[in-house]
Each structure stands twice: as C-alpha cells, then as structure tokens.
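The data blocks that follow each hold one structure.
Each of the next two complexes has chain A plus one other chain: chain B in the first, chain C in the second.
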Partner chain A sequence: MGDYFVLAISCIFVNNILLAQFLGNCPFLGTSKKMETATGMAMAVIFVLVLAGIITWITDTYLLKPLNIEFLRTLSFILVIASLVQFVEMFLKKSIPALYAGLGIFLPLITTNCAVMGVCLININEEYTFMQSLVSSFSYAVGFGLALILFAGIRERIIIARVPKPLQDTSIGLVTAGMIAICFFAFKGMV
Partner chain B sequence: MAQSMVKEFTKGLWAELPPFRLVLGLCPVLAVTKSVENGIGMGVATTFVLVCSNLLVSLLRNIIPVKVRIACFIVIIATFVTVVELVMQAYTYPLFLKLGIFIPLIVVNCIVLGRAEAFAFKNSPTLSIADGLGMGIGFTLSLGALGAIRECLGNGTILGNTVFGPGFQPFTFMVEAPGAFVCLGLMLCLMNLIGKK
Partner chain C sequence: MTEAILFMLGIGGVCGILLSFASKIFYVYEDPRVSLVESNMAGANCGGCGYAGCSAAAQAVVKGEALPSICIVSGAEGAAKVAAVMGMDPGTAESRQAYNMCDGGVRAANKYHYLGVTSCGAISLVFGGQRDCHVGCLGLGDCVKSCNFGALTMGKQGFPVVDENKCVGCGACNKACPKDIIEVKSMSDKLLKFNQINDPLAPCSQTCPAEIDIPQYISHIKNGDYLPAVQTIRMRNPLLLSCGRVCPHPCESDCRRGIADEPVSINQLKRFAADYEMNSGSRVPIKCAPDTGKKVAIIGGGPAGLSCAYFLRRVGHHPAVFEAMPELGGMLRYGIPEYRLPKKVLDWEIEGITKLGIETHTNVKFGTDFGLGSLVAAGYDAVFIGIGAWKDHALGVPGEEIKGCLNGIKFLSTVSALVSSGISKGDTSIREKMKLGKRAAVVGGGNTAVDCARTMLRLGLEKVYMVYRRTRKEMPANEVEIVASEHEGIEFVFLAAPSRVVGNENGEVTHLEYLRMELGEPDASGRRRPVPVKGSETLLAVDTIVTAIGQAPDASFKEETSRRISELTLTRWSTIDNNAATLQSSIPYIFTAGDAATGPALVVDAIGGGRRAARSIDLFLKGEKVEPVKDSLQKKRIPESVFKTISGVQPIKRAEMPELPVNRRLDSFVEVDLVLPEVEALAEANRCLRCCRICYNPDKTSV
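Now for the complex of A and B:
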C-alpha cells in the first residue's frame, strides 16, 4: 500500500507530466485561458487516461508480448487510444448526456494529447504491474489536472494585467509556466 | 509550378514556422532541446515522418473516405514513426536512448497530423513534399536554435565543444525543466518583436 502511495506522489508532484516530463503541452497552453475549459479538459484527461492506461497495458501484456510483435506497439497503442476516445464519446453521448455536455469538445482533442500516449508508454517502459499502471495513470492525470488548473488560475489574472506587446499571449504564458515549473522543481528529490 | 513549390517550402521556414507561429508540437520542442544534438536528431526524425506521411496522404487523397480520414492519417503516420524508431535503434542507438519515448510520440505530434489534414489532403504530391520539407526544416532549425541556447548557457558547450573560458559557471537552470519554458517564451517574444517591424 505504501509503495502505491509513494508512486502516486511521485507521479503527481515530482515527475509532474506537464512541468517535469513535458507531455501534453499543446492542450496545456490551448485550454488554459479560461478556468471552465481548463477544468473540462482536466476531467476529460483523468477519465480517458485511466481507461487508456488499463487497456494499453492489457493489449501489451496479453497481445503484443505473447505474439512477439512489440515493434507494433506505437501503431497499436495509438489505434487503441483513438478508438477508445471515439467509443467513450459515443457512450457518454447516449448514457450520460450531462457529462458529455461538460467534456464534449475536449474528448476528440485527447487522441492527439501526447500525455495519454506518453503515460501508456511510460507504464510499459517502467515494467509496471497492472495495479502500478492503474495508480500511475490516475496520478499522472491528476498531476496534469492540477498543473492545468493552477496555470489557468494565474492566466486569468494575466489577461487583465498590462503585458508588453511582444510578450502577450503564448509568450507570457510560457514564461509563467516556467515559474510554475520552478515551484514544482522544489519537489525533486522528495521521493 | 516551381514558384508555388518554393512558396510552400519557404513558408515553413519563417511565415508559419511550426513551433513559434503555429504553436504546435511543443512537447518535443521543450523536452529534447537540452542539447543541439538531441534537438537536431529529433528534428530530422520528425522531418522524415512529415515528408513521407504528407506524400502518402496526398497520393491517397482521392481514395481515403472523408469520414474516416483522421484514422487513416494516424495509421499512415504511425507506420512511418515505427520505421524511424527501428532505424534509429539500429544505427543511432545512443541518440535513440536519449530521445526515449519522444520518438514514438512523434505519432501524436500535432504538426504532422495538422499538415496532413490542412495541406496534404487537399494538394498534389509535389506540393505536399515541399510543404512537409519546409515545415520539417523549420522545425529542425527551431529545435537546433533552442538547443544551442540552452546547451550553451546551461552547460557551457555547443555540440560538446566548450564555448566559454574556465571561469564560466554553468547556468544549470537552462537545461532543467523550468528553463525550457522560459527560454521558449522569450524566443517567442523575440520573434514577435522582429515580426512586428
């Protein structure tokens, strides 16, 4: 149990997916201008990443490894993730329309979110067991949400600030992200 | 024809320079630019995938049904990424280890999919190659430049050669994660300054 806790802390803070591993930066900058969109994206990522983590782990362990076709990992993972996202979208639309309305437009974007694919690959490269993969997928997703929401909060303030013209928008956004990354840097060596 | 090819080629080098103007595909830009070598290696790998997938998408553009085009693009891109992965593992193993999961992640690089969707699906194969090559070289140069700044300030070297005298204190911040964000942000600011003139 303790091991899982340590793994979770390391995935959320120390190896934060956005600020320490640089995965999923396009939605990080793209959806962080408003708090609402940031929350929507964070929820969608948590939801899909956990499912994707489980399914790709099963695909790799029970399909690719026994058949010795690990070289098809990239291809099969992206297909699994793309179809999973499509499936989740259709399922939510039919059964839980309220959640679909909330996550709606963010779901298709997740297919090309490298955080999802990245975490699935990390799980395999680190040779995690099923439970470890589950914990790490969930914790990485929580770390993603945490960083995204923090960043959106700061960015909403920056919009009303007087920023020099060439620095506006993405440029100041990146510098701000750098500052948050320094804060997260303090967690390094904790685990 | 030749003129439009030149136009498609050069737009990737400045007017639509991928990481800066389009703000796409930032993850590898931030992650692998600790040194020039890594940056250029990643850039070349991405260029190869970009050119090949653009060519194939463009050749198949009349066969691929519009409704399932994204899925088809992804399969095409994933195939070329697998090719790059295996080639790099065979011939440039140290670089392969350094770039790690960012090689398979070329698959989800928004630039590659973005060019397939926005350009190659609507244009002829020759124009698509020019577009892919231009974007790829623009991407490689950006990665190389960012890598050079970070390696130079953070490590005091460029491509492994010492730049400064023995009294130089490495500015380690630059090669760590936060430095990547700040450095890219300031480069973007600089590009805006030059572009506004």
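Now for the complex of A and C:
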C-alpha cells in the first residue's frame, strides 16, 4: 500500500506529466485561459487516461509481448486508444448523458494527446504491474489536472497585470509555465 | 513483417467490428434535422461560429440555441437553407453584424495608463469598469483582439468601429466584451430594440416616447453628416418631418443642459435634418429584411398605423393599411392644421413609407366597409388597430344642438379636407362653405382647441375667443402654440365654464353663457380644481362655438355582428384594452396602439406605440411567446443618469425658432414655424453635452 502511495506522489508531483516531463503542452496552453475550461479538460483527462492505461497494459501484456511484436507498440496503442475513446463516447452518450454533456468536446480532443500516449508508454517501460499502472495512470492524470488548474488560476490573474507588448498572451504563458516547472523541481529527490 | 501487417490488420478489424457493434447497441436517437442542418453548413469545422465544429453548431441550431445564420462561411444562402430545414421564417436568416451601442466620445487620455491594465476584461474584473459611467465602453479593445476577421478597429475616439464589409456576425466580440457594449444584431433586432435599464442612454433618449437615439443624431449633425442623422432618426421614427414640426418634445424638458442652461433645441435639429433630406430632392434608401410572406392588416393610417406598418415592412412582413378617410395620415392630416404641418410635407413623408412596399386602401371604414371576419378570410396573420380618437366629447350644456355649435376634431378635419382638396387657402369661401359666423368661441385649453382657434382666424373670422375653465398656467397646450395664438390676437377667457348656449328665434347661436370660476384644491392631475362662483353667469356674444374638450376613440366598429369582435374588450373611456407592455389586446392576434389605446396623446407616443406593437406582432408571427421587453425602461429613468446639478457648463444661447411675421400669417395657411438655418443648426448641435458619450473624466475635456 505504501508503495502505491509513493508511486502516486511521484506521478503527481515529482514526475508531473506537464511540468516535469513536458508532455501535453498543447492543451496546457490551449485550455488554460479560463478556469471553467481547465476544469473540464482536467476531468476528461483523468477519465480517459485511466481507461487508456488499463487497455494499453492489457494489449501490451496479452498481445504484443506473447507475439514478440513490441516494436508495434506505439502504432497499436494509437489505434487502441482511439477506438476506446470512440467506444466510451458512444457508451456515455447512451448510458450517462449527463457525464457526456459535462465532458463535452474535451473527450475526443484528447484521444491521441501526447500526455495520454506518454503515460501509457511510461507504464510499459517501467514494467509496472496492472495495479501499479492503474495507480500511475490515475496519478499522472491528477497531476495533469492539478498543474492545468493552477496554471489557469495564474493566467486569469495575468490578464490584469501589466505585461509588455511583446510578451503578451502565449509568450507570458510559456514564461509562467517555465517558472512553475522550476517550482516543481523542488519536489525532485522527495521520493 | 508479414505478422506485423497481419497483427495491425487484425487489431484494426477487431476495433472496427467492436465499434460498429457498439454503435448499434449504444445507438441514441438523434434528430434527423441535425445531419440535414450540418449538410447545409460549410463543413470546414473552422470554429468561427464559436462551436466545436459544424456538428456541434448543427446540434445547437436544432436545439434552438443558435440561429440558422450561425455558419459564417456558408453565408446568407446557407442560412436560408438551414432556416428551411428548421421550418423557420426565412426572415430569421437575415445576416447579423456586430454593432456597437456605445459611441465612445471624448475620452481622457488617462484610460490608457490606468494602472497599466490593457484589457477590458481585466479592468472590468478589478473595478467593474466604473469610472464615470459604469455602462459605457471601456475602450481597451478586447473585442478588437477577439475578431478573427479583422473587422474591428479601435477608432480615433477610443471606441471600436465595425467594418461592415468584413464582419461576418460570428459574435466573438460580443463574448469578449465584458460590458455587453458590442453586440451582434441583425437590422431587425436593431429596429425592434427597446430601451432597457442597463443601456447607456442619455436622459433625452430615455424620455423620448419613440426612444430615438438623440445624442447620436445630434452628433451626426454636428459633424455635418445630415443624412446619417436622418437614418438614425428613422431607426425609431419614420415620421420625422411631421414630428420635427409638431412634437412638443418631452425630451427637451429632461435635457441635461437644461439644469444649468436652456435645454438643447432637440426637435428643431430633428426638423433641420428631416428638411435637409426632403430639400435635397432624393430619399435616403431604406433597407428591408428578406420577405417573410406574412401579412398584417393595419387598421388606421395615422401615426400609430404608419409607424407599425413601416417597422413591420422593414423586418420583412407585408402590412396593408386600411384607412377610413380619403388619404393617409390620420390626425397628422386631418387634426393638425396646414399652417403647422403642410400637406405637401406630409405627402412626401407618407410616400416614402408606402414606397417600401406597403399596400394601402383608403376610404374603407372598419366595421362599415370591412370587418374582422373579412380580414381573417383574406389571409391576414395579425391585425393592428390604430383608429385614433376621433369622437369629440360633448359639452353637455343646454342649447348645444343649436346651429353654429361645432366639434373640434370634426371642424379641423373638415377644414383640412377642404384645404387639401385645393380650395383657395385662407379664403373666405371655406368659411362660407362651412357656414361659420364672424365671432367664435373655442371651448377648451388643449392643442386641439388652440388649433381650432388659430384655424378660425385664418378662415377670416373677426374675433376668436378661447374659453378655458382654468388659467393660462394650467393649459395643456404646447407653450409655443399658446404664445403664437396670443401674438395672432386670440382673446383668452380664463376661469370660465360654459353653462348654456343662447340662440335666437331662427335657431342660431347668439351668445355663450359661462360661469366664472376660481381655483380650489389641486386634483388628481396636480392642477388646481376650478370651482364655479355662484351667480356669476356672464354672456359672451358669439355666433360660432367650437367644443374641443377632449376626444375618445370611435368604437362604432364594435357594432359589427361577429362573435369574435365582441371578445375585444374596451376600457370605460372606450379605448381598446391592451397589455401595456406588449400592446396585445384581448384577442391574441389583435394589437393596438396610439390614441385608440391610450386616449388622446402625442404623435410621438403613437409612433413609439406602433413600433412596440410591431415588435409584438413580429414575435407573434414567428410563433414565439409575446413577452414584454426585459428590464424595459418604459416611462422609467435610469436613476444614476438623473442629475440634480451639473458643473462646468457655460450657458450658450439656445437657437430661436424662426417664425413667419404675424402680418403674413393670418391671411393664409402658410407654414408659420420655419426651419433653422444651417449655421444655427450646427451651433445648436454643438450645445449638446453628448451625455453617455463622454465616459472618462468629463472635466478634462471641453464641453
């Protein structure tokens, strides 16, 4: 149990997918202008990432490894994740329309997001067990959400600050992201 | 290699099969219109509409959250197709464009350095944007940044300017604006917009019953753009030539300059712009929205009916006006004498309205020549009743039936009909035709009474008295009219209530007997109630008596024997009962405004009412609920806009109205009030304080 806790902490803070591994920068900058959007995106990422973590672990363990075709990992993961998200979308639309409406457009948006793909590949490279990969997927997604929501809060305040013209909008966003990343480096060596 | 290909094919196949099964199992019924709507969109998934792709936009259209014109790429043609799929009015497919409510104004430079904040959203978050005016444009240009089409630029005066050729009406600017200043509206939306409590409105615009954007047209005049001024007025009032002449301008009594100086002569500026258009020899083109194919019957061709017809036509409907008199214009033609509003001017104005494609039928009286049944049978989708108030109140004294006793409206309309039929103006022949005497008494103190008295003088009567039961101070007539009639030599008999008409053996009027009155306690109207003095009977030697003590609508159409018309309820003043906010009557498809609904009121009230009814009729024809305007400002004021004092205003003399000299007036019906010369109009326009146009530190700018 303690191991899982350490794993979760390391995924959320130390190896934060956005701020330490710099994966998924596109939604990080694209959906962080408003707190509302950022929250929606964070929820969708948690949802998709956990499912993708499970399905890719199964694909890898029971298909790729026995058949010795690990070199097809990236390709088959893309296919599997895309199909899964499509499937989940249909399922939600029919069974839980409220959740479908809540996640809205974010669900298909992150189908082949590099953060999602990255976490699935990390799970395999680290040779996690099923439970470990489940915990790690969930925790990476929580870390993603945490960073995104923090960042959105900061960006909402940046618009009322005095920003020199060349640095306005995305540039100041990147600078800020860099600074938060440096702050997150403080977690290095914690685990 | 082979196994890799086989594996990928296999896993792809499995995924495909699973998904196709899933799509069967988890099939959710979707409105077939969604895909039809989507097929009529550009399919570019550009996101310009603000939705995530065409399919999301199509769903929003089907749900009724978005308008058929949402797709900015497919344009008006695509919008019409989408509207057809949705079974909506093609009228709703009218293109929309960004429109800036706040016109900026003279802004202090300090806004650009205000704490260094550079975005409207930010300043709005921090301070609610409040500097001197909390409703106006913040001028930092969030809308300009949000526009993907380069249609917005920050103008010289620090407020956004829309380039109509580039604007696609996507609404991004509206979303970016924290103050809802910039809105995306179609022309119809703008025409049927009513003052709301949160609008940036100057006191005059709040007061105007027609809700004209007064500071806007004055600023056009100031810049020498007379025709845009005309267009601004026409957004709210199609009868600007008439109003510019006869309106008692309630706006001027609320003018902010009036607190420290004389108010701006708003109505003379309106007349100046209106006359400029007429004298220019050509008409400013008036645009109409795409045809909707809906027909509306307008009963009564007076100011209310013409206004309603004009606005309905401009938003794409097809009104037809039915008028009982030989010509259109109602009280404007038959109640207001030639010397105040020449028929030639009125003809030109009405022609401009009917030319938009409004059918007209004259000499047909509602309830006599046609009824509600025949209108319904002829396929009219809604009916507007604006029959005015043409029935004079009787004096109610003995001897009233004696020859030589006339009624005000009857008298004025007969004279007007004779004048417009070309009988030599100011000639005694009209007097002889109407068998008028030499000395007349006009009973009443309103505008109708003054009009009667001044008309009498022009018909060649030797002596005209005005008999009024209160004093000059309480007279409801316009001050300028009273002054003019004093100049023209009308004698006023104040504090006199007629008690009897005295006739001779031939049945002709010889005297009017009246009781002298004294003023007692104020009554409900706030005016002191006149009380008769006992035994004060006095005789006034006259041979003609005109009664002009008020009017009511002629409700004789109710005698029609249709069951439906009996459902139309009237008030105890025989005006048509309606919902004051929507003007809908007790029969849902009948709407009413003007004197027929309010009792005798101003022309400009009827014009405003006609537009309000047009809005309700438009909603009714679209099948929407006829609801009142939200947060309507009707007869209310925005509290913070009402000032008690005003600083920094240097008194500048108000433009005097040029008038024809008295000695040239009385022998003819020539127009008395003249138009301001251009130089004076420009000077007068400069007196406007541009309320709600100056938002930042007015002290620092020259007023």
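Keep this in mind: the second predicted complex is superposed on the first by the 191 of 191 C-alpha atoms of A that agree within 3 Å, B and C clash if a C-alpha of one lies under 4 Å from a C-alpha of the other, contacts with A are read in each partner's own complex, and residues count from 1 in each chain.
Throughout what follows, a contact is a pair of C-beta atoms (placed from the backbone, for glycine too) under 8 Å apart; a residue touches a chain by one contact, two chains touch by 3 or more.
Note that the coordinates shown come from a computational prediction; the quantities given were computed from them, not determined experimentally.
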| item | value |
| --- | --- |
| Which of chain B and chain C A:Leu75 touches, first, second, both or neither | both |
| Partner chain(s) touched by A:Leu63 [first = chain B, second = chain C, both, neither] | second |
| Partner contacting more residues of chain A (chain B vs chain C) | B |
| Which superposed partner A:Val163 touches (first chain B, second chain C, both, neither) | second |
| Partner chain in contact with A:Asn113 - chain B first, chain C second, else both or neither | first |
| Touching partner for A:Met190 - first (chain B), second (chain C), both, neither | neither |
| Partner chain in contact with A:Val175 - chain B first, chain C second, else both or neither | first |
| Touched partner set for A:Met131, first chain B, second chain C, both or neither | neither |
| Set intersection of chain A contacts, chain C complex versus chain B complex | 71-72, 75, 79, 168 |
| Sites on chain A touched by chain B in the complex | 19-26, 29, 71-75, 77-79, 82, 111-114, 116-118, 121-122, 125, 165-168, 170-175, 177-179, 181-182, 184-185 |
| Residues of chain A that touch chain C when the two form their complex | 59, 63, 67, 69, 71-72, 75-76, 79-80, 83, 86-87, 90-91, 93-95, 104-105, 159-163, 168 |
| Chain C residues within the chain A interface of the complex | 3-4, 7-8, 11-12, 15-16, 18-19, 22-23, 25-28, 52, 56, 115-119, 121-123, 125-126 |
| Complex interface listing, chain B residues touching chain A | 23-27, 30-31, 70-71, 74-75, 78-79, 81-82, 85-86, 100-101, 104-105, 107-110, 113, 176-182, 184-186, 188-190, 192-193, 196 |
